[in-house]
């Protein structure tokens, strides 16, 4: 009986693996890192990795990536867990804030620029972007957003943003999905 | 032998599930998301989710929620892993800081208000709370606190705070516990 | 067949446990918290915990700990997942930023000191380190860095730093590695 159960889990596991393989994206080398296992004949557990590429056009800009995250979460088939987002750059950050009124984003960049102007604070770093490095650290390089039943648990007004402080450039954001997959 | 071990795991798994079900709390729909499995006949692994509701009374306020987190961690039976806390609002943040002298909290709100006053920075957002949005992003929407042997690994002076920047309101904080359950 | 597979997993599990035990470091009580399991006969899954001790010499200082994290990640044998770092103090923070030009670190501490001077903001907290508490909250008490194929997914210019705001002192950083182990 136990053996049969276990064999069934193996088959579910392999099937789930096939389903996930289709959703990989590239981060130089292999980019979708998954681990799956079948527990109690019900769930598959795994972690998935994606790279989200974002192109900024201005020096300072807030670029919403909520839909990109949501799409990959759906693709992954994950049911419950956390999405960890990490920006691989030192002059851009990630944050969760309001996505309804664009004035909020304008006010945020304006206030940060007022507190930390590009010139005038006697910065030594020769690339004239010390302000961008500092803003990146204050905003932070990663955000963690929980999900449940396959849906991000964002509040009604929350969106996920890449905060560009020294663009325009192409930026890479790593998305790790850690949790539990649905029944397949 | 292996079959017997495996069957034993199944039973432990089901027993553990029953134990956890009692600790669910509501987040609209189902709110305690757990995944468990028995490994090596010793541990159960799972993730649990809770919602912590916090009521602020003033526009700016630091509200400690360490005890609420600690209680749910104990309820969950989790032994080692990380607690991820996420606030589902755009004008409140989460932080870990000193909980001994309330003057630290006063000084923090005072300094943030000095740098980012509600009026005077030519904000465009019409709700007169751009300062609160910016403070929320600077403080951050989530904190991650590791735990071991069922105890949060907070330092001696550390507490977990919701930082209210546009209260008084009821706020929701999602707590995800990701890790390993104790032996049941 | 299934039984044999399962037994094989048990053996791999125990072997993996032995391998990990050698890398424990002390956090008061036991400090390497691992959970492992064998899935599909291929991978071991676990979480590992380490404590990194950092000694600051000045009141304000950025101390890079990337190599310390990298070394423990390699020791753990983990293949894919996330490193969660958490500082157990209220006047120091953790950040990811540029590690090439030391002027970036100097400029960051300089700008924070300009915005939040130790004296002059009418702080009430009697220990004369309210500025340090506030900087710690703005920078944050934890960072989460994904890894893949055993390598941190840091960008080309990124390093992990402890930000000391009230040194010199010995500081403790907890490192939790959550993910999937390699084949052993």
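Observations on the structure shown:
Going by the order they are written in, the chains are A, B and C; count residues from 1 in each one.
Just so it is clear, a residue touches a chain if its C-beta (ideal position, glycine included) is under 8 Å from a C-beta of that chain, and two chains touch if they have at least 3 such contacts.
Model, not experiment: these values are computed from the prediction.
Interface of subunit A with subunit B: the two copies contact each other largely through different residue positions, with under half of all numbers used appearing on both sides.
Taking CA atoms, the transformation carrying subunit B onto subunit C includes a rotation by 120°, reported to the nearest 5. Between the Cα centres of subunit A and subunit B there is a gap of 19 Å. Shared interface positions of subunit A, i.e. residues touching 2 or more other chains, are given as 2-3, 6, 37, 115, 138, 140, 144, 178.
Residue ranges of subunit B in contact with subunit A, taken from their complex: 3-4, 6-7, 10, 13-14, 27, 29-31, 33, 35-37, 47, 49, 84, 86-90, 115-116, 121-127, 130-131, 133-134, 136-138, 140-142, 144, 172, 174, 176, 178. The touching residues of subunit A, counted against subunit B in their complex, run 1-3, 5-6, 37, 39-40, 43, 45, 79-82, 95-98, 101, 103-104, 106-108, 110-112, 114-115, 138-140, 143-146, 148-149, 153-155, 157-158, 178-180.
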